[in-house]
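Working notes, beginning with the structure itself.
Lettered A, B, C, D and E in written order, each chain numbered from 1.
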Amino acid sequence: MMTISDLSVGYGAGDVLHSVDITAASGELTVILGANGSGKSTLFRTVSGLLRPSSGRVEFDGEEITRSRSAAIVRRGLAHCPEGRHLFPRMSVEKNLTLGAYVGRRDRARVRTLLERSYELFPALRDKSHQSAGSLSGGQQQMVAIGRALMSDPKMLILDEPSMGLAPLVTQQVFDAIVGINREGIGVMLAEQNARSALTIATTGYVLAEGRVVLSGPAADLADNPAVQQAYLGV
Amino acid sequence: MLLEVRGLGKAFGGLHAVRDVDFDVPEGCVTAIIGPNGAGKSTLFNLMAGFYRPTAGTVIFDGKDITGMQPHQTVRAGIARTFQTTHLFEGASVLDNVRAACVVRSSSNALDAVLHTPRHRRDERRSLDTSMSELEFVGVAHLRDEIASTLPQEAQKRISIAQALATEPRLLLLDEPAAGTNDEETEAFGALIREIVARGVTVCLVEHKMSMVMNLADQIVVLDHGQRIAVGSPDDIRSNPLVIEAYLGADADTTGATT
Amino acid sequence: GGDGGGGSSDGETLVIGYSAGISGGAAEYGLNVQNGLQMAVDELNAEGVEVDGKKYTLKLESLDDQYQPSTTGTNAQRLVQKEGAKIVFVPHAGGIKAAQELNTTRDKFLLGAYSSDPDILASGNELTVMIPPSFVSYIDPFIEQLDTKGTGKLGLLTTSSEFGQEWTKAATASWKKAGGTVLDNNNIDYGSVSDFAGPVSKTLAGKPDVILVGGPSQPTALVIEEARKQGYKGAFMIIDQAKFEELEKFTDPKNLNDSVGIAPLTEFDGTEDFITRYQDKFSSDKPVNADIALNYQALPVFVEAMKSAGSVDDPQAIRDAMPEAVKNVDDKFKVAFAPDQISDNGHLRSDGLKAAYRNDKGKYETFPIDQPKD
Amino acid sequence: MTLFIQQLINGLALGGIYCLAAIGLTLVFGVLGFPNLAHGALFMVGGYVTYTLLVDVGLPYVVAIVCAALILAVIGVVFERLIFHPLRNAPHTHHMIATVGVMFFLISLVQEIWGSGFLRMESPFDGRLTVAGAQISSQRIIIIITAMVVLIALTLFLKRSVHGQAIEAIEQDRTGAALVGINANVVSMMTFAVSFALVAISAGLVAPIQLLSPGMGESLSLIVFAIIILGGLGSLPGAIIGGFFIAMAEVMASTYISVGAGQAAVFIVLMAVLAIKPTGLFGTVVQR
Amino acid sequence: MTTLLRPRLLGVILIAIAFLVAPMLVSGQPYLLRIVTTAAIYAIAAYGLNIILGLTGQLSLAHGAFFGVGAYIVGLATTDHDWSFWTAFVVAILATTILGYASGLIALRTQGAYFAIFTMALGFLIYIIIIRWETVTHAHSGVSGIKLPESIGPLDFSDPVVLYYLVLLFLAGAAYSTHAILHSNAGRSLVAIRTSEDLAKSIGVNVGVSKQLAYTASAGLAGLAGGLFATLNGFIGADSAAIDLTFQFLLFLLIGGMGTVMGPVVGSVLVAFLFEMLQDLESYRFIVLGPIIVLLVIFAPRGIVGYLNEFLSSHRSRRASPPPGRGPDGRGPDGHSGSGTGQDNALDRPHAASGAAATSEGGL
C-alpha cells in the first residue's frame, strides 16, 4: 500500500533522513521505532506532504505522491495525526472533528457515523464537544487529534506518538482502538515511544537511528532482537 | 511544609476544573500529581504558579500566602514551572533561552544597562555563569549555540528544565517532563530529577508514566474530576481501588510497565 | 531645451521652483496651478527672456509635497540650493508658512504665494508675494448681493481646511455685523467624508436663509446638490476655492441658481483665446479657472521685475522692482483681472476683479469687487 | 423630531456603506491574520473600474458593477498569488507593511490612469423618498438594502458551505488545515476574490453619492478597521453591528454635539469598547 | 570571537564616522544637510518604535501622533507662550512620556491586531484634536515662528551644522541605549515577551510592567524627536502628527531591521535618500515605492541590518546552519512552527543572530 524508497529529507542544512526504504503492505500495522531526533516525525511529515524530500519516492495506493500537496494526499486516503497535534484551538471540539471529515463532507450521514465513532472511542470528548479545543487538557487534545485523523475515513492512518500525554488507562484504550481500526482493513503506521505496547500490536517494525533504517522485520522478531530489547524495551 | 494548598478551586464558567483540593508539599521531596486526562493537574499547576487566579482556596508557600499572585511574583518567591507542551523561545539560541530566565534574580534595570554600572556588569557575568552551569547540569551545554526550536524534543525538554532552574527556584513544577520519551530516556529524566532534588530543590511532578512516578515520588496526590481522590505513598496509591478504577485501569499490566 | 544649462543659443537656464501636492488625492489643484505657470514659462521662453543683456531660458521645476508643510520646506531648500531657483511658487497656506521660515533667514528666495488667505502676509515676510485677491474682499460684496442682505440666518457648511475655516470666521463676523444670525458651524472634511447627508441635514434643521459652502469645487457641488435634494430653497454663498465653471460640471447647474461666488473666467471679456490655448496645450477639456489664469498672469510680473532690477539672483532687488514691473507686463499675458499694482506688503492687486451672482434663470450677473487698501 | 428621523435614516445609510466595506475586510482578515490596510485603496480601484465600465464602455449600471466585481476578484487572486502567498508564514507585521506598499502602488497607479481629479458617477436611481418628513435618496435605500442582502447571503454562504470554517481553520493552524485536506491556496484565493468583489460592489454603490478620487478610500479604511475591531476580528455579526453602531455614533454625535465630536466618535467608541473588552464585542478569548 | 567582532564593530564605526563628517561632505548643500538632519530625527522616533515593536513585539501605530504631540508642545510653547526652547523641549519629552504611560495603561490590555488598531485610533484621535482644537493648536493654520534652541556657551544653534550635531547627539544616545538595553536583562525580558508572553511570565518577567515601560519609553523618544523636528523646521502643521508618519517610521524599521541596534538609523537614512532620488520621478515614485516595499517584505523581511547580523553569525556558528524553520517548499516544518505563537517567528532572527552577541557583546 505504501512504498517509501530511497527517501532523503532535510530542513535546509543537511539531510535528516538518509535513503530510507520502508514498505507497508495494505492493511498492515507498521511501527517505526527510534530514539529522540532519529527522524520519525520528519518521515511522517514528508509522507503526508508537509515537507518536500530532497530525493526519493513515496508511493501510496499504487500512485506516486512524492510531490503532491497535503490536501491531495488526504483526499487519496492517507490521514496523518501529527506530532504537536495542530488542532484549531479556537474552534469547538466538534468542529475540529467535523473538519477532520473535510474531504468527505458531502456524505453527511457518514460524517455523523464517524463522529459517533470518535465519541465512542473517547467518551471524555462528548462532554466537551462544545468547548474550544484550545481549552482542553493536554491529553484531551491528543484525543481530539487522533479523532480528527480518523474522521477523514482513511485507507491508511499515520499516527505520530498517539499515546503522548495520555493516561495509562486511555493509552490502553487507544492501542485497542488502533488494533480495531486496523482490523477494519485500514493500514496503520505508528511512531511510538512505548515500544513494548507498539510491538505487541504491530505486524512489521522498522528501527530508525540518526535518519537511517538500521533494523526491520516482523514485529515479533524485533521484539526478540537483543539490540531492540536493550535500546527500547529496557531489558 | 514548603507549600500548603487549602480548599483550592478553579471554575471555568460552570466547569469546576479544580475543586476543593488540599495537599502539602514537604520540602526536599518529590510530590507527584496524577490523574486521568482532564483531571485538573495542569490547572492546579497554573494555580500554584499564578497563571490562573483561584476561584476558591489559598496557596501558602513557605509560610507566605501567595494566592492570586502574578506569575512573576511567584517566580520571584521561588516557584518555577515547565509547560506540558514544551515551550521555548523559538529562534533564540539555547544559551539565550536560559539566560533570559536569569532576569528574575537580577537587580539591575535598563538604566543600569545604559550607564553600564558595576551592578549591571556583575549581573551580566552572573547570569552567564548561572546559565552555563544549569546547561551543564541538565547535560546540554554542548548545544549552547544551537537554535533551540530545531532540536529534538528531548533536548528541548532538558533546556526548559535548565530554564526553570535558572530562576533559582525552591519549588519546581514539572508538567509531564517525560512525555514522548522512550523508556531509556525516561530513566534519564528520572535521574535528572533526583539530582535536582539532591540540590535541595523540591519537585512537584505531573506525569502519566507510572514507571517514573512510582520510582521517584515520595508522595502521590491523585486527582479526578478536579477533586483529590487519594493521597499517599506510591505503594498506597498503587493498590488504592479508587485510583485503579479512575486512572490506572484494572489491567495491572499498565502499572507493571514499570521496569 | 536648455536642460543641461548654458546652451549658447538659449542662454542660461533660469529655474522657477514650484512645490505643491501633485500626486495623491487632491493633486488636481496643484496640477492646475502648475499648468498655469508652465504655460507662462513656455510663452515667455518663446518670446525670449533677456535680463541685463543676457539671455535666459526659464524652466519650471516642480516637486511634490503632498500639501505637507514640512515637505514644502525641504522642497523649497532643494529647489533653491540644488536647482538654483530664486523664486519658488507654493499654492497652499501651510506650505507658504513653512517656506516663510526659510526664505529670509537661511536662504533668500522670493516666495510666490498662491493663497487668498491674507494671513500669509501678516507675518511681514518681505520676500513673499501674495498672488490672488484676498478672500476678505469678497465677503461684504457677496452679502450685499444676496436678497437677505445679511439679515437672515447663515448656515455654515464649508470644508474643514484651514482655508475654509478662515473664510467661515470672516464671513461669520461680517454677517453678524450686518445684523444676521449665524448657525452652528458644520464644517466637514470635503475630501474624506463618506456621505454628506448628515451634516447637510443638520444645517438645514436650523432653517438657514443662506448657506456658506465651499472647498474643492467637485465635492462642493455634491454638498449643494444634497442640500437641494433635501429640499433647501435658499441661497448659497460659495467661497472662492470653488469655481462656478467646475461646479456646473458636477451637478445639475439648476442646483446652483441663487448663489454668489467668484465669476467664471468666461464672464470676462477676451478670455476665450486663453481658454482655447490652454485646452489645446494640455489637451484638456476641463474648465479653465481663475487658479490657472492668476498664476499664468503672475509669473510674467516676476520676470518683468528681474528685467527691471537687472538681476536674476537677488530676490530683494527683484521684489523691490515689482511695483514698477507690474505696470510693464506685456498685455498678451493679461487674461482677466490681471494684476496692475502691488501693495507694500507684497499683495498683487487688480482693479478689474469681479464676482458673480447666478440668478434663478441660470445667468451670471457680475459685479465688481474692490480690494481694500490694506 | 424630523431632524432626528432624518439623521436616523442618514445613519442607516452610512451604516450600510460601512458594513459593505467592512465585510470584505473581515473575510480577508481570516486569511491574512491582519487587517488589509490596502482595503480602502481597493475600494477606490473598485469605484474607478465601475466608472470606466459605466462611462467609457457604456454598460448599464448594474452590469457595470457586476463586471467590476469580477475584475476585482481576478485582481484579488493575482494579489494573493504574488504577494500574500509568499508571505503566508511571515509575521503579521509584515503583512501589514506589504498592504501599505500595495496601497501606495494602487493610489498612484489610479492617478496615472484616471488622473488625480474628482470624477462623478451617476446612478440611474436618482429619485428620492419622503419618510415622516425626512428626505432620503433612492441610492441610499439601495445601499441599505444591498448591504442587508449581501450580509445575509454571505452569512448563509459561510455557514452552509464549509468555506467559512476552512478560512478559520487556516487562520488558526495552517498545518492542521492542510492535514484535514483543506487546500489553503484555493481557499485563500477564493477569499481574496470574494473580498475584492465585495469591495467593488460597495464602491459601485457608494460612488454615486460620493465622488471618485484617488484618496476616496483613505479615510474610509480607518473607519472600517475601527468597525471590524469593534465587532471582534473575523466576526461577521460583529462587522454588521459595529458598522451600524459606529455610523449612528458618528451621525448623532455630529448632530447633537459637534462635527469634531462626530469625527472623533468613531475612535472614542472603539477605544472605550476595547478598554472594557479587549477582544472586541464578539471576539473570542484565546486560551493559553 | 574577535574575528566576528571586527566586522560588526567596523560597521558601527563606519556609520558613526559617516554621520560625524556628513556636514563636511554636504557643505554648500545645506538642503542635503537638512535631509540628513531630518532623517536623523526620524531615526530617533524609529528607535522609539523599535523598543515597543522591534524588541517587545507590539505593533504600536500611535507613534506618529506622539511625535506630533512633542512637536506641537515645543511649537506652541515657544511661540504662543514664549518659553525658551530648552524648557519646552524638556516639557515635551515629559508630556509625551506621561501620555505614553497613561494611554499604555489601557492600550496594553489589548493584544495583537487589537493593540495595533487601538493605537491607530489613539493616534487618529490625537490628530483630530490637533486639527479641531483651534483655539489652542491653531488647527490647520499650523504653528510658525518656532524658536531655535538658545545658544549654550559658544554653541549657536542657528547654524544648521551645530543643530545637526545636537540631533546627532540624541541619535547616538538612542542607538547606544538600544544597544545597552538589548544586551541586558531588561532587554532580554522584552525579547522574551515578544517571543512568548506565557513563557516570559513563567520565567518571572513582569510582562505588564515591562510592556508598560517599553511603551512609555518609546512614546518619550517619539516626543523627543518631535520636539527636535519642530525646532528644525520652524513651522509645523497637523501633518506632523498624521498616521502616515507612523507608516514611515515602520518603513524605516522594516528596511533597517526590526529589533536591531543599527536598523532604525540605517533604514531612516536609506529611505530618506531613496525618497530624494525618486523625487525626480514625481508622481511615479509611489508606483515604484509600493512594489519596493512589497519586495522588501517578501525577500528581505529581516531588514538590512538583520540580514547582515545573520550573515555574520552564520559564519561564526560551528555548524553552518542556514535559518531554520523553512522547509524545502518554503513552508515551515509544520507550517506554523510548532509551539508558541509562531507570530513573531521571523522577528526573532535578528536577535537569534545576535544570540552569539550574548557572549561577544557585539552585534549591530
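Remarks
In this section, a contact is a pair of C-beta atoms (placed from the backbone, for glycine too) under 8 Å apart; a residue touches a chain by one contact, two chains touch by 3 or more.
Not measured: the values here are computed from a predicted model.
Hopping across touching chains, the smallest step count from subunit B to subunit C is 2. Listed here as common contacts of subunit A and subunit E: B, D. Averaging C-alpha coordinates per chain places the centre of subunit B 39 Å away from that of subunit E. Separation between the centroids of subunit A and subunit B, computed from CA atoms only, is 29 Å. Look at where the CA atoms of subunit C average out and do the same for subunit D: the two points lie 37 Å apart.
Touching of two or more other chains is recorded for residues 107-108, 111, 116, 173, 175-176, 178, 263, 288 of subunit D.
For subunit A, residues that reach two or more other chains under the stated contact definition are 11, 50, 82-84, 86, 135. Annotation for subunit C: residues touching 2 or more other chains are 22-24, 27, 160. Those residues of subunit B that touch subunit A in the shared complex are 12, 15, 35-43, 84-85, 150-155, 176, 179-185, 187, 208, 210, 247-249, 251, 254-255, 257, 259. Contacts from subunit E toward subunit D in the complex involve residues 53, 59, 106, 109-114, 116-118, 120-122, 124-125, 128-129, 132, 198, 243, 247, 250-251, 254, 258, 283-287, 289-294, 297-298, 301, 326, 330-332, 334-337, 343-347. On the subunit B side of its complex with subunit E, the touching residues are 49, 51, 70-72, 75-76, 80-83, 85-93, 95-96, 99-104, 106, 108-110, 112-114, 116, 120, 123-124, 127-128, 145-147, 149-150, 163-164, 166-167. Within the complex formed with subunit D, the subunit C residues making contact are 22-28, 31, 160, 184-189, 191-199, 201-202, 205, 216, 218-219, 221-222, 229-231, 249-250, 286.
Residues of subunit D that touch subunit A in their complex: 162, 165-166, 168-169, 172-173, 175-185, 284, 286-287.
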